[in-house]
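The letters A, B, C and D name the chains in turn, as written, and every chain counts its residues from 1.
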Amino acid sequence: MNKKIESLVDELREKLIAMRRDFHRYPEPAWTEFRTAAQVVRRLEELGYDVSYGEKVIKEEEMMGVPAADELARRQRRAVEQGADAEIVELMTGGKTGVVAVLDTGRPGPTIGLRFDMDANDLEEAKEARHRPFTEGFASLNEGAMHACGHDAHAAIGLGLAEMLKAVQDELHGRIKLVFQPAEEGVRGARAMVTAGVVDDVDYMLGIHVGMGHSPVGRVVCGGEGFLATSKLDVTFNGKPAHAGGEPEAGNNALLAAATAVLNLHAISRHSGGATRINVGTLVAGSGRNVIPARAQMEIETRGATTELNKFVKERAIKIVRSAAAMHDVGTDITAAGAALGGTVSEPLVKKIAKIARSVPGCTTILERGPVSGSEDYTFFMDRVQKQGGQATYLLLGTDLAAGHHNAFFDIDEEVLPLGVKLLGEVVLQLSTAAL
Amino acid sequence: MNKKIESLVDELREKLIAMRRDFHRYPEPAWTEFRTAAQVVRRLEELGYDVSYGEKVIKEEEMMGVPAADELARRQRRAVEQGADAEIVELMTGGKTGVVAVLDTGRPGPTIGLRFDMDANDLEEAKEARHRPFTEGFASLNEGAMHACGHDAHAAIGLGLAEMLKAVQDELHGRIKLVFQPAEEGVRGARAMVTAGVVDDVDYMLGIHVGMGHSPVGRVVCGGEGFLATSKLDVTFNGKPAHAGGEPEAGNNALLAAATAVLNLHAISRHSGGATRINVGTLVAGSGRNVIPARAQMEIETRGATTELNKFVKERAIKIVRSAAAMHDVGTDITAAGAALGGTVSEPLVKKIAKIARSVPGCTTILERGPVSGSEDYTFFMDRVQKQGGQATYLLLGTDLAAGHHNAFFDIDEEVLPLGVKLLGEVVLQLSTAAL
Amino acid sequence: MNKKIESLVDELREKLIAMRRDFHRYPEPAWTEFRTAAQVVRRLEELGYDVSYGEKVIKEEEMMGVPAADELARRQRRAVEQGADAEIVELMTGGKTGVVAVLDTGRPGPTIGLRFDMDANDLEEAKEARHRPFTEGFASLNEGAMHACGHDAHAAIGLGLAEMLKAVQDELHGRIKLVFQPAEEGVRGARAMVTAGVVDDVDYMLGIHVGMGHSPVGRVVCGGEGFLATSKLDVTFNGKPAHAGGEPEAGNNALLAAATAVLNLHAISRHSGGATRINVGTLVAGSGRNVIPARAQMEIETRGATTELNKFVKERAIKIVRSAAAMHDVGTDITAAGAALGGTVSEPLVKKIAKIARSVPGCTTILERGPVSGSEDYTFFMDRVQKQGGQATYLLLGTDLAAGHHNAFFDIDEEVLPLGVKLLGEVVLQLSTAAL
Amino acid sequence: MNKKIESLVDELREKLIAMRRDFHRYPEPAWTEFRTAAQVVRRLEELGYDVSYGEKVIKEEEMMGVPAADELARRQRRAVEQGADAEIVELMTGGKTGVVAVLDTGRPGPTIGLRFDMDANDLEEAKEARHRPFTEGFASLNEGAMHACGHDAHAAIGLGLAEMLKAVQDELHGRIKLVFQPAEEGVRGARAMVTAGVVDDVDYMLGIHVGMGHSPVGRVVCGGEGFLATSKLDVTFNGKPAHAGGEPEAGNNALLAAATAVLNLHAISRHSGGATRINVGTLVAGSGRNVIPARAQMEIETRGATTELNKFVKERAIKIVRSAAAMHDVGTDITAAGAALGGTVSEPLVKKIAKIARSVPGCTTILERGPVSGSEDYTFFMDRVQKQGGQATYLLLGTDLAAGHHNAFFDIDEEVLPLGVKLLGEVVLQLSTAAL
């Protein structure tokens, strides 16, 4: 592999860890990554990238599952209090916390895209002696939020890679696009960036995730597989209250509509084409024991082994919800609260990367394929790039975990940071100079 | 009371019994009363009435629960074989077996309508020694049909009354309208006669029923009360079959639609305005264990203590059925198979009749009010006459019963026949000459 | 009427108003009437009554819908801060806020019971110029609580009556029992007092309510009718969570059980014996969109025109809930959260009281019967006394209302206070001296 | 391959076709294969086999989906009329139409079992010019029955093989067991033979099916895969009727139980372990529009990619049915109407057979694996033999089809008959002489 990359990474090591811990200390859940994104912007601008963010890279009407305006405002203020550049944050108002940085070499060559997600989980971080972030003083300072899925590491790797690529800029061809995405949790953010067109010119698209499954640093899966397509729907039934004893017939019972929907949703036909899922995860209905329930709210999700299978379930689900509402003369709102596609990584790209990885010291186990767990909205990037003729894949980087994802004791082996930068640096370098 | 009526009735007695037994021997269920109606027509024409029947008195599109064409044709042929006038029967093709006879006195006076129903039940008559119609040789000759609700007596009383009124014609004023209605069972026939306009000119409307409750001949209720409005609906869901193992998603499951409808129909809100009922009496769905059911058929009925209450239930029921069909992408047909209104008899008319009845020898117990059991489509006649400013009531004539209505051993005390003619004759006479 | 009573009432007028306003200022919802009850105890003891309260008059295991222990404790502390006697309040720990006071004349005669309820509603009182309690400075000082059903007036009348009866003690016979009941709202409290035996020795039982319907002071209904029996049930389904995408089969879905129960509860058969009601007023289920719901909670109520009709619905409801739980292998808890019986007032007592009322100046309109609205757990007292051979009734005392019951602008015409005391004083006097 | 077998098959060719056509002409659906089985018995006895049938090879309590006694009796009489030996048929009374024939060589060696099914479909055969069985005069003479799944060919191959094996008896070792099974359609018959112990001593077990998929004679799949485990359940709910208008509360509504079951059955959780299916294929409920339905009957089937997956669905289904019944206080009967297991063929045996098949002239395409479509109760034989340490497989023999299975125009290329006998003959010969 490239010797410069190899030596630069050693210098970057401490910086990478510091960045990851900084992000870890200030975790920001979906669409509120104001401080994180502002730090990313500042650093990328310092490095000399051409940086876009806010409404230029986020299509507002495609944002899903956005918090209420007052919460967004509160988080925006907090970000500034916690050191974010107020001017940058201002341009991210409304949760438009995506960032895209371009390095144009000016030389002919492919456009290579890399996506890094930045958001934290809605989870209170453990404050116990056995939890290293706590004992070493970089545990979450934000109540109810924690980086328990490694996106702090992803963002740090992204910034480290940005620095690395600048350092080897003269050896690169084509263009490099670094995409920092908000709101991957709940699969809410990718669609708004993809429909804003940020990867429309990309030839090779890469996504990464650290620590999927319990595997040590050095284990690399070059092509994740088994992405479940999914749709998250928020449903509200709006009926009419009435006194349940005095005049029950005057009500339009939102709970009867919801209960009918629940049963029929679960009764959606299995599909001979492959695995599907449906869940009504929550239902909250009614205002009092003696009142015909006028309102019912449900959080639903559908899944499918492919985009088409998920579409089958989703379309039936929507029809069931609307018909259940009509049955009881209640209104209904159905809002998309999240979505991810199915998809398959590009075989030739996987093989290329596997070959490159074998040349990278520290990459001790190279697998072409390995399972992702569940749904990832990176699939929107993958789908867009593949549909326009490009290639895409998703890499899994092993790292020992202190506890599973989304657990209050989650922690990673930070050696994955320099190894990730080294591997991605070499991959970008090789792809940029290979014939398309 | 009128002496002529009193003496004539004694002469009529044997004839009344003979007519009732003739009808009893040839029972014809709803819309197939070809022989019965043809006998009625012939007799009324012999008596000199102005007789209308067939499409003149039955509005085809308002006929409910009509048998299939081939069954109608079979019953029509049988009627001729059993002595009906072929030409008359021909004009009743399609089940238009209603008859209306008018006696116009030429003198000023009110128009008095009387309704008699003629149809039999779908029931095999008992063939046992303890059943008098069997031992005396006038049990049903028509398989699967029996006069088990006394409509044979009603028709006989109607014809006896026709003869009686002719005999006292010179003492009458105004016009008398005798309405012989098919298909009272299942409340299917009245609407088609009423919407044909047959009582649009009636000032006083009378209906009768023999033997409601177990009470002896001589007991007379002048105003029935407690009519339940009802709607009978036939529902079909038409989906799409598919192999349940191989490709279940290709089906549109009519049974899931039906099951959803069943639960939600029964869950229709109770009403603070009074009693309501809903029943899904039958459901037949599917063609085989391993096929997604493509078809489901239900027989439903709704009821209400008033027309409005029934309408409330019926309208919700229809919405539920249609929405359940939409939910599962199946088609649906909803056909009215029967209907009766609620209603209240006219107080002044009840009082008048009670007073007249007290003058009739043999009427030993006179009650102004008494309960009818369930639904009666006579209510369509009552409603129409009352809405145009006339008065209407419904009389219950006591008669000892061998067994309850709709029972294979049902039989009446035939003394109710002459008493009925005597009472109705006197009522008509008095009403026709009283100031409106 | 008794002259002494008449003149004493005029003296009591201001005191009655002051007491009512004091109670109004410190409203305490069900089972937290610590201050109210302590004031009642102190006053009754001052008057020389034999007073019992706490566990002597409340059977703990029959208390329904009791708030959580910490809330009870908070309210108990607040009562003391707001002037209640700490020692008295201590004996009411756990919400045992019922009080019974006995005046034993020593002379032979009947035992006469009177029930007054004391609890407030969970409602924020209006703070607007058009609301007299606000402008005159006696609006609620307790956040989220308000006397919006007149129980402040009931308690004041009870205390005023206590004083009055003491003043005419020498003219009375038998024993007088004044019962101050907590938790009438939600029909939660009566059962615990009745089963504690507090009216087991009562011959004549009286209950009152002010301002039912909009009628002026002076209108008196001597026998309320139309009590709906009711059962309030809290239902919890306890299942097992599982990841809805990864391993849905491992879950036991509490929401499916609840939805099945909801539909089938509403589908409980109508009853030919009279009006019934069922409502699932609230349903809260699940913890997250992608988790099989492990828990679902419902607040249900059943009603019936009679105790038997309510029992029919309640028993079917319990069977449905248990079977729905079994169907989905989830546990279930069903807790009684409230109950009232149906019932009919005692005809002879009603007539007696009507006669007495006619002699009371100010009682301008005396009706023997009038409708109560909905359910009242006073029916437990009525039922117990009638079952042991006594007589019972329920009086409605007219008073102009500023707004309907349970409305934030509810207010009464306080002239009902002296009139109520006068009427009840005279009734007790007459009943105590009449032959049993 | 063995030369004797090769030459003998040519002699057998006409006989095989005649036997298949004879069976085709007299098709007998499940448990009524009296004539077919009697012919099989007679022929096997003629050949000198040790033949068992009736209760010796069919365990009565494990028979599923047996027709009513009167239908069995009618079919039994017809079989005799159509030429069956009355004495043999007598021993098959009750539908015990299984036959087992043993050829014991007396020489050490394995026991080889082969299973042939014999039953026809409930289907009216096409009577049109383009249907060869019709034009060549061997179409079904039994109304409503047709060999539309090739079991006529299976039985003929079994008898042909029996003759062939006798001819090469001296070259064989061990024991050969020919099992002729009734009632494969609806997967009703295998369990009763397996539990009777007929393959408890078998080392190698073979099953065959002709014409799965559209492939020509000569194509052979040596190991079928994809067996779906399945359970067929007949469910009856027994409630109590009541007049829906007059006294609805007196009923126990079997249709409400059934509708609740239908929805919840379809809502059984998907399983992460693989494909499952549930279907309520038919539902028939109720006796009349105005009667609370007292009876409801459902035909259900569950499926799973493995025996365990099917068990998961079946057990949930049974719990749902029982709970739905309990919910509405109705009784329930659940009867097993059919069952098949999942399963996997034995890899070493498949390889052995594939090798043998490659030596057989006419076997032009040899595949080790190929998909079976749906469920086969042969899996009971396979499972039993494998569980006791033996090996089992299932062969698919290509043959051009005139129309798909279970189609009124189904017909085969009869050249599969001699090829089948040749292949099975050689396989048995080789297996019998190979070291176990």
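By definition in this document, contacts are C-beta pairs under 8 Å (C-beta built on N, C-alpha and C of every residue); 3 or more make two chains touch, one makes a residue touch a chain.
Predicted, not measured: the structure shown is a model, and the values here were computed from it.
Taking the mean of C-alpha positions as each chain's centre, the chain lying farthest from the centre of chain B is A. Two chain pairs, C-D and A-C, are weighed by contacting C-beta pairs, with A-C ahead.
Computed from the mean C-alpha positions, the centre of chain C lies at a distance of 70 Å from the centre of chain D. Centre-to-centre, using mean CA coordinates, chain A is 52 Å away from chain D. Each chain gets a centre from the mean of its Cα atoms; for chain A and chain C, those two points are 55 Å apart. Those residues of chain C in touch with two or more other chains are numbered 246, 248, 253, 256, 260, 263-264, 266-267, 269-270, 272, 277, 292. Those residues of chain B whose C-beta lies close enough to touch chain C in the complex are 263-264, 266-267, 269-270, 272, 275-278. The touching residues of chain B, when paired with chain A in their complex, are 246-249, 251, 253, 256, 260, 263-264, 267, 269-273, 292, 312, 319-320, 322-324, 326-329.
The touching residues of chain A, counted against chain C in their complex, run 228, 230, 232, 244-246, 248, 253, 255-256, 258-260, 262-263, 266, 277, 279-293, 296, 299-301, 303, 337, 373-375.
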